[in-house]
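In this document, chain identifiers A, B, C, D, E and F correspond to the written order of the chains, with residue numbering beginning at 1 in each.
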Amino acid sequence: MVETVQRRKIEILVDAPLVRRVVALAEAAGITGYTLLPTLGGAGHGGRWSDDQVAGADAKLMFVTITNDAKARALTDALAPLLQSHGFLLVSGVVDVVRAEKF
Amino acid sequence: MVETVQRRKIEILVDAPLVRRVVALAEAAGITGYTLLPTLGGAGHGGRWSDDQVAGADAKLMFVTITNDAKARALTDALAPLLQSHGFLLVSGVVDVVRAEKF
Amino acid sequence: MVETVQRRKIEILVDAPLVRRVVALAEAAGITGYTLLPTLGGAGHGGRWSDDQVAGADAKLMFVTITNDAKARALTDALAPLLQSHGFLLVSGVVDVVRAEKF
Amino acid sequence: MTGGFEALLSPMILFFVLGAAAAFARSDLSIPEAMAKGMSLYLMAAIGLKGGVQVAESGFTPDMAAAALAGLALSFLIPLPAFFALRRFGRLDTVNAAAVAAHYGSVSVVTFVTGAEVLTSGGLPPAGYMVAVLALMETPAIVVGLWLARRGAAAGTQAKGDLLHETLLNGSVVLLVGSFAIGLVAGKDGFAPIAPVFDVAFRGVLCLFLLDMGLVAARRLREARALTARLAGLAVLFPLVNGTIGVAIAALIGLDVGTAAAFGILAASASYIAVPAAMRLALPQADPGLYLAMSLAVTFPFNITVGIPLFAFLASRMI
Amino acid sequence: MTGGFEALLSPMILFFVLGAAAAFARSDLSIPEAMAKGMSLYLMAAIGLKGGVQVAESGFTPDMAAAALAGLALSFLIPLPAFFALRRFGRLDTVNAAAVAAHYGSVSVVTFVTGAEVLTSGGLPPAGYMVAVLALMETPAIVVGLWLARRGAAAGTQAKGDLLHETLLNGSVVLLVGSFAIGLVAGKDGFAPIAPVFDVAFRGVLCLFLLDMGLVAARRLREARALTARLAGLAVLFPLVNGTIGVAIAALIGLDVGTAAAFGILAASASYIAVPAAMRLALPQADPGLYLAMSLAVTFPFNITVGIPLFAFLASRMI
Amino acid sequence: MTGGFEALLSPMILFFVLGAAAAFARSDLSIPEAMAKGMSLYLMAAIGLKGGVQVAESGFTPDMAAAALAGLALSFLIPLPAFFALRRFGRLDTVNAAAVAAHYGSVSVVTFVTGAEVLTSGGLPPAGYMVAVLALMETPAIVVGLWLARRGAAAGTQAKGDLLHETLLNGSVVLLVGSFAIGLVAGKDGFAPIAPVFDVAFRGVLCLFLLDMGLVAARRLREARALTARLAGLAVLFPLVNGTIGVAIAALIGLDVGTAAAFGILAASASYIAVPAAMRLALPQADPGLYLAMSLAVTFPFNITVGIPLFAFLASRMI
């Protein structure tokens, strides 16, 4: 039976033009592994949106990273002030991973 | 250190033509924020499927919402009777969020 | 109020050509239900990648399954030796589901 | 027009066969879904435009009214015997039988388009107004199918307005009808500058689309758990019977050979876009694996390879 | 050239209307995003190439320099009065007013392309160098917009290099300028073998793209919560005023009718690709729902349907 | 044919350069993946069809058999010296050296296609059967590469059937061979109605595809951590040596200048579709970042810009 350890999974919904900035903040927090997922649309206080690929500012991506508590905290603290103004959505939760040293 | 609170993340796998109905049920439960993710395919009791974009009834989307326990419960209760007949898949879990008032 | 039970959600990031193999291992572990999600890119020890659809070996998919603890363990054990060599990423967590018998 | 069967060796049909063969051999060949959807939209816009331009040239004729009425009647009526055959011989429950029956009353755009190309290259182009007939035949069967389903059991609480809306304003219907109207307004002169895309390129794009249809149909057939031998038999019988009736009616109302063959092809074809989308909404309990297997994985390939030349032949004999 | 308004019945414009109508009727018609993006890239490459080839033929002329200077000046200056109108009459805060103002100083490629097609089919083709003017006008307004925003308040910590980079190397700018350069190098002979794709097919693809733009603009209008009546009014007033000024300036510097009309269309148009992307990066507090609603959901449709024939008419009167 | 180097100023090559420049400058220009995949499928279908039609015209010739045998032999043999060079000079471990070696024994469809266009516009069209030779050369190198990898170490448990299947029925191989067969059956007359899409539009689409390839290759080069100077050197040396040998063999077996140049281009080219997919499955321990960096980010651009004119020149000297 393989051993598992607990890590944090952070998911951030971010506008496509701002992804580079989130990646930079993650790297500053010591996070080097992440995966980007596509999205189709959604709704929130800013109304509905759907990715039409025509307008230059309307696609959103999901930035996902698995990391340890300390780095997760560092990234969350770095992003918190931007959440409101940049329209980011940040969610985190506990997950089990196999290769502890990787995260 | 930013404060986080616990909320519920609900994920619902739903046929594209039925998304409007799920959104309506979510709004009836008081949920106004959600994000839609694309899927590629899968398998279940109904056999395998993959989104070929040719047939009019075979694409599925992932409806994701972060909300509080009460609204999560309301949406789950509203959807439960439809899960079997409509082939929905509903999963929920605990997550940590930053801006508590938003959800 | 509908009753919910706890199950495990396993997410595996896997190279497109190897998806068949993961599906086969999942079936061997008794898992018949799963969903595949697309990804756009990411970064890890192997450097950055993004799905350009031109090279034959660079697209990754997210394989997601909800299952019970025993099957989750069986799949994790079967995959553990491949994680490093095949560049898979495996994450699991606890979720609540409605129709217990389905998973 | 025995030549109909020669069409089996045209690149269009051969690409369909290539796709099907690749899928059966479990090749990983696949067309990106966005490209498939894009080609499907293109084909609908192109056929709508071309039909509209032709009607703008020929004007409205009595033929056209007769064909439209006959088409409407067939779309309303075909689901009834189909329903009973599916219940009795096919052993389906009420809801599934009704859902499948609706598919056969409605029509398949790509089957029509392929048939029209085959007929045209055989020197028997169908009349332009058949695009309008096609559009008219898309939805009545849905109404009948739902009525059949509701008779059996209280079919849950549907938002009726929602459904009517979804059906009449289904993307494929809107694009087809809208393009037809644009073709009518633009006429031959307005169409000329866009003809390189919508006319000259048409057959080449159709080849690539049929390659995808071959892949999709064969993959679906391989995965079709719900498809019994009886149901597969019905999925061949329905186009044979409906298509023959279609050609006969067309002959009766005096259509020319090419147009009559196209009418038969419409009657024989089964929907896999508008009707499944409507059924998923209105009869979510019905199994999409079942109705798509029948219409897309059996009837569509049958019509492309056997049905089209057969109805062309029948039409040339009856008229 | 009263004929400008006849263009309203050309398939291009009718497809735009079809898309808008479908979206207003809440049809589920939609173009896959990858296809929309692909068509948008194709249109930019094609117009860049064609402009470059034409300049390779005609050589550099004094007209060209005059038009370029005038275009640059307009892109720098238009945001200033627009900003004050948005603050006073539109009641926007500094940041949002600055963001919106930048959009109107910049330009819309598809508006220009549609205008050029309408003018060409009316016998008044604009000069090839207008593509270079278009490229020049894309970015200056962004600089002015940011300066306006910063005056008001410390606008946070922007990575300046990042922004300059994003703006000057925005994909659409690079593709347009790059294709223009390739057209210049290739000339008429080098262009001939690729003309079937980039020239002959151009108008047909534009039809499908305008169908999508109709859908996108109308959907956005329906969802636009932030759009007040005052702002909608400004989104119509801006193109009217800017376009008229543009035509007048073009007449003063001695451009021909078609080129002057195209110049007016550029001045009237508002960006919805390069500027929103830059604003999202540099002024993330500004509401994209607002600036996209104005430029894409109001000004774009206005220009496509009213602006283009209007500025063609004005140019034919003034010159 | 010194003119080969003039081809560097053709729009095809310039679009490739534009893409690479945009990526190096970190522009956000990008082609939607679905569009890139779609164009890649289109190019394979088109070249297969055209090759088949040409062979249907010319019939089977002894030349063809000779070229096929020579191509097969090269695909089997090239990996052996490449493997040793990668082990010794490149300092790779057995598994990675074997994986890379397989790429160089196999071929790149787009390199061939670009070369064939350059040769054709230089008045030296290669023979149609070279498409069949291309298809034959895709897979033997994979077998040799795996054999090399297994010699060194027990390479884990592979489902052998799985792999053979994946390799022989790789989507690109199936589409190429299938389209070639369709072209053979259809002949010139059957091809005529679809020629506007598969022939006339070919070069324009190739321009857009090479734009994407420029972006992809340059981005990959920028991210390529695993690429040492030695390996980059080998990625230039391999095409030089293999291409020269290819041209020489072609001269020996008596092929004409254009066909010999194309043969050299095939030998020089390295796979980036079929082989990486097979390697990911059969040798998952090998680093895809490494073999794709070499074949796609170094060898491909080298062949497109230097290799093609060079082998054309060599062929014109040797024959």
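By definition in this document, a contact is a pair of C-beta atoms (placed from the backbone, for glycine too) under 8 Å apart; a residue touches a chain by one contact, two chains touch by 3 or more.
It should be emphasised that the depicted structure is a prediction, and the values quoted were computed from it without experimental measurement.
Where touching is counted per the definition, the chains common to subunit C and subunit E are A, F. Contacts with subunit B and subunit C are shared by A. At the interface between subunit A and subunit B, two copies of one sequence, fewer than half of the residue numbers in use are shared by both copies. Work out the mean CA point of subunit E and of subunit F, and you get 40 Å between them.
For the pair subunit A and subunit E, the distance between mean C-alpha positions equals 34 Å. For subunit A, the set of residues touching two or more other chains reads 17, 37-38, 50, 53, 93. In subunit F, 28, 32-35, 37, 166, 170, 172, 196, 201, 277 are the positions where the chain touches two or more neighbouring chains simultaneously.
Interchain contacts give a graph that is no line, ring or star and is not complete, per the touch definition above. Pairwise chain contacts present here: A-B, A-C, A-E, B-C, B-D, C-F, D-E, D-F, E-F [touch as defined]. Those residues of subunit D that touch subunit E in the complex are listed here as 32-35, 37-38, 41-42, 45, 49, 165-166, 169-172, 174-175, 178-179, 181-182, 185-186, 190-191, 193-198, 201, 277. Contact residues of subunit C toward subunit A in the complex are 13, 37-45, 50, 60, 62, 73, 76-77, 80, 83-84, 89-93. Within the complex formed with subunit E, the residues of subunit F that make contact are 9-11, 14-15, 18, 21-22, 25-35, 121, 196, 200-201, 203-205, 207-208, 211.
Those residues of subunit C that touch subunit B in the complex are listed here as 1-2, 4, 9, 23, 32-38, 61, 66, 93-99, 102. Subunit B contributes residues 15, 17-18, 20-21, 46-58, 82, 85-87 to its touches with subunit D in the complex.
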